[in-house]
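Remarks on the structure that follows.
As written, the chain order gives the labels A, B, C and D, with residue 1 at the start of each chain.
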Amino acid sequence: MSRIPVTILGATGVVGQKFVRRLKDHPLFEIRHLAASDRSAGKTYAEACAWRLDEPSYGGLGDLVLRGANPGEAPAPVVFSALDSGPAKEIEPLYAAAGSWVFSNASAFRMEPDVPLLVPEANAEHIALAKTQQATRGFKGAIVCNPNCTATVLVMGLAPLHQAFGIEKVFMTSMQAISGAGYPGVPALDIVGNVIPFIRSEEEKVEEETPKMLGTFASGTVTPAPFAISALCHRVPVVEGHSEAVSVALRGNPTPEAVIEALKSWRGDPRVTTLPSAPPVPIRLHSAENRPQVRLDVERDGGMSVHIGRVRRCGLLGIKFALLGHNTERGAAGASVLNAELAHAMGYIG
Amino acid sequence: MSRIPVTILGATGVVGQKFVRRLKDHPLFEIRHLAASDRSAGKTYAEACAWRLDEPSYGGLGDLVLRGANPGEAPAPVVFSALDSGPAKEIEPLYAAAGSWVFSNASAFRMEPDVPLLVPEANAEHIALAKTQQATRGFKGAIVCNPNCTATVLVMGLAPLHQAFGIEKVFMTSMQAISGAGYPGVPALDIVGNVIPFIRSEEEKVEEETPKMLGTFASGTVTPAPFAISALCHRVPVVEGHSEAVSVALRGNPTPEAVIEALKSWRGDPRVTTLPSAPPVPIRLHSAENRPQVRLDVERDGGMSVHIGRVRRCGLLGIKFALLGHNTERGAAGASVLNAELAHAMGYIG
Amino acid sequence: MSRIPVTILGATGVVGQKFVRRLKDHPLFEIRHLAASDRSAGKTYAEACAWRLDEPSYGGLGDLVLRGANPGEAPAPVVFSALDSGPAKEIEPLYAAAGSWVFSNASAFRMEPDVPLLVPEANAEHIALAKTQQATRGFKGAIVCNPNCTATVLVMGLAPLHQAFGIEKVFMTSMQAISGAGYPGVPALDIVGNVIPFIRSEEEKVEEETPKMLGTFASGTVTPAPFAISALCHRVPVVEGHSEAVSVALRGNPTPEAVIEALKSWRGDPRVTTLPSAPPVPIRLHSAENRPQVRLDVERDGGMSVHIGRVRRCGLLGIKFALLGHNTERGAAGASVLNAELAHAMGYIG
Amino acid sequence: MSRIPVTILGATGVVGQKFVRRLKDHPLFEIRHLAASDRSAGKTYAEACAWRLDEPSYGGLGDLVLRGANPGEAPAPVVFSALDSGPAKEIEPLYAAAGSWVFSNASAFRMEPDVPLLVPEANAEHIALAKTQQATRGFKGAIVCNPNCTATVLVMGLAPLHQAFGIEKVFMTSMQAISGAGYPGVPALDIVGNVIPFIRSEEEKVEEETPKMLGTFASGTVTPAPFAISALCHRVPVVEGHSEAVSVALRGNPTPEAVIEALKSWRGDPRVTTLPSAPPVPIRLHSAENRPQVRLDVERDGGMSVHIGRVRRCGLLGIKFALLGHNTERGAAGASVLNAELAHAMGYIG
């Protein structure tokens, strides 16, 4: 069976390279075009950037000539976008208008009311927003977003609790990896031996994207979940993986044991379980008192599962726990690919 | 005027060395004895341990012969204790019974109802608990404790808000330095490139010590402050300095501007301001959006001030901010010395 | 075909765990016993230690009851030893006398003239020393050592040059990972943000083991290679992987191009190429001007290949280059397993 | 007595800020102008950059308006240059021609035969090259350079040995701090948990600057010292301070004891000892087997002394030792200021 051709927008950056690695041998998708800024278009992939991942270099596509990032030069029915927010705002609608399904890691359209913001295990049904989007905007294709990396990990941890109990309040303090800032990103002089209590716009993104993702889809719109949320975001000298300290108020004030049971038994949306990029289980629950730990745990399952440990009583909200997830896999490239696989499984593309 | 002789218990450890450095040229106190475990007693200070601080080595006392840690072998009217909790439980009362004022960094007696748990700028009046202690226990001297390092920093940040508004709820997520675990302490294999979401007993200490410190002293006892508190503690790969992400519910729900003003104008207990180890101001308020940062800020004022920045709205409790303090100076050796200076200024010793 | 039963000595430590991971699904060997100190014997593997590697925990052997480390309690025809040098000195000969082939990571017997010190790609023929050993010591089995981790990596880089040109002088400055010191090993307070220009006995080991390994086997003995060597060893804040800066004087003073060609074409001893743990190529040659880099390259090929880059003129010795290898895989557990595979392939065991 | 007015070129960068900090209360010099690129000129110092050092911010000069970097807009008899090499090549001669003495940290003119490349303790007499320079180039002032940071530290360690014995060969492997690359400099993603075996042009600079500095001045020219040298440079995750592993062949092959004695007794050029920025002793000799260590030792003496330890036999060249120095103090800003103090003491300026 032939695979669906895809274009990767922003293929030269850190997330773009992760798209290439994930898609070079994908069972459903086949890389047709790598696209980049006008500055890089016309160069080979190997000339245009330094490959930053493991072997094989450039996913074996070092000789592919980069195209311009537009539907005329690099058309495909499915597009993965690792563009920055500015270019994404302009380019992604051109593709959607031209009929492509755009799976975007950019923040540009995440909070648009007609754009699905997906964590498939948690809210696969939100993908139906794409129909609203096509109706409203006259797109033949659609734009489907994955959330901010910190919010993605948080939603993975919250979804089973929201489904089992209902969330009333959420507190989240993050300790985020440097890879989240892209490349060159954070100067070493800023972060070696340091903690930076500020990441621009990060707290706002977490606080607005999370309720949207855990919201209810009905009649073509998503009503955000009505819980209060506060995020406090930090950068720490860790290469990959966001650690999050989470406290939640849950309806009915369940015991830690009940919470552990809800997390342990959760498998997420059944349409997701068998997708090629889905992890064996969405949540890895740790029983050791000092786990999960980012350096030891975050690469498991190709970074697609999240990790929870230390579920315990919180004197303020009822339950607190340690949460961990992979910011550039589950929180970026892997997320978009999983979204596309979901869209395919649900008959939207292909 | 002659200085008061002091004994340092546990002089060979990290905190013990910091006591030596702080006391070798102190205007009020003069090191008379360095005391250590029986294993080390009889050796010179230089033989018994490796000096881990800057020059001069061993505070110039490398040739001093270590004494046994008991009032018979190493008597002094003022004692600074860097003992571990186990030995402290046994040895500190012997000194207090024999008439010494023991300023202890150990956790052994912190939560005893008749033992002052001091952060002098915040609760200098609690020192009067020593009289209750003397009456109850028949001590001629007394035991005065400084709190857990994380709790110390937190109380410094909360005290002005408790005094100005009244605290109703506190959320605190810490990112703590490796020096807090002593030496050898945390194995490098555990923490390099990592975040560990667990420090044994740390959350419990913060949650019980903080309300005691911010409690009310009357009629010989301290009534803990009645606020709810939740602490989530982490180890991060930072050498010195604890970063804390704090959210508070304050009575009357003041604006960030009002909170900033309360922090800025706070000078702490006036009896503390002129003590030799007191910092110029107890709180350094930062206006840069990404400060305080532990590597850049924590050594200021000899580590005796704490740092606050990013005072902003919290969607859950009302106010959140970034807090930073020095765990082995303000949170350990410097704290005990400041306590002793306070006791001296208030006429308890000397 | 049935696999050969093996005992792992010192199974609870860092290297012991790596033995377990490498051997749990090995095509030739089957774990029969895990052995540990008397303190741990009788406990299950899971009770006796904390598993520090990735999943599955304890290699799936968490319920196996540990045996005492002696041929009576934990016999097997093949033994892998992750013992410390002291116990190794006593226990390994007991096994060899009892008929076991002991593949040891310990330093105890490395420099004994009748003990093979193997890097199979470089000196497979040295294994014949085992016959001398059996004759001399009356062993029915034998002790076969792998070298110090730093020396292993160095020999991998030097062997092709020694074979192609002949080495006259070697300069090696190492920047070594913290994992090389075991667990708990290096205290974080010592190494975070630091470089330590001293590792006990390391320079001596490199300087004496390297000439033995590159020496000539004839008439039942090994004559060390006659080159002069100087090693300068450092610990740096890296988790896994030793970086080495190497300069060599080669006979005939070849050009960098000739050296690169010699490295690139080298495949090592042909008897090694097809062994289960052998890497696809022994040396990965990098052309990027800033590679190899330990964090990016060291895990390739399961850590069994070494990496070389920046081959260039040295104003002093003629040629200098950057060398990198995995200290706990190629330099420890993987090395011993490869030695055993070689012994099996050459008909010594099984 | 009135102080000599100075201009700081490139005041907004890391080294520029260190110039400001060193000169704001200097006994001989008084900051008259801060100069920067045209883009920054006209802004206040506080507007034009973020202060990256300790308090007081901007050396108290945050309100000073930046001038253009040329003798017309920012004239002064003494100029300190923290310019990049490109602008330095153009701007520094303009100042020298206009009569200023330019003390430059840039690499642009270091290897010009008529430009003094000073490490004052080692080669103060080279400053007389300035007269050759004035004669050749028609300058009324002069350009005086300090060397590359790595070379500076190396020359401090080699000078006493060259004077006592004569150096024949030098091997130097560096482990360099990230601050050496300026700001933003090295991306955190490149260096956290890593070692990079390449720093552009660094090995070449060390290999050509070192012999010039240790060369002989006579008849208006410097004849480079005739020893062979090889440098292997690495970046490691350390914030400040370059560690260097050094081996030397010395004439007469002295013992380690004789070398230690030569290092211990060396005080450097007597004209330097009393300069305001000179350290108490130029070399701090360590006896502990694992010192010097960059995190513990490099800030001593304001970073102006260098540290040596582990002097021992080298099997190849005769003597090897561990060397350490502060790359942005002794290797940059402090070096230029010390050069200017020397020029003043020798009557060249003021």
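Note that in this section contacts are C-beta pairs under 8 Å (C-beta built on N, C-alpha and C of every residue); 3 or more make two chains touch, one makes a residue touch a chain.
Small disclaimer: the values here were computed from a predicted structure and weren't measured.
One copy, chain A, sits rotated relative to the other, chain D; on C-alpha atoms the angle is 180 degrees to the nearest 5.
Relative to chain C, the chain whose mean Cα position lies farthest away is B.
A separation of 48 Å divides the Cα centre of chain B from that of chain C. Inter-chain centre distance (chain A to chain B, centres taken as mean C-alpha positions): 42 Å. Centre to centre, using the average C-alpha position, chain B and chain D are separated by 41 Å.
Residues of chain A found to touch two or more other chains are 52, 192-193, 237-239, 295-296.
Chain A meets chain B in the complex at residues 169-171, 173, 175, 192-198, 207, 228-230, 232, 234, 236-239, 243, 245, 247, 289-296, 309-310, 314-317, 320, 322. By the touch criterion given at the top, residues 50, 52, 54-55, 192-193, 239, 288, 295-296, 299-300 of chain C touch chain A in their complex.
Partner chain B is touched in their complex by these residues of chain C: 14, 52, 178-179, 183-193, 237-239.
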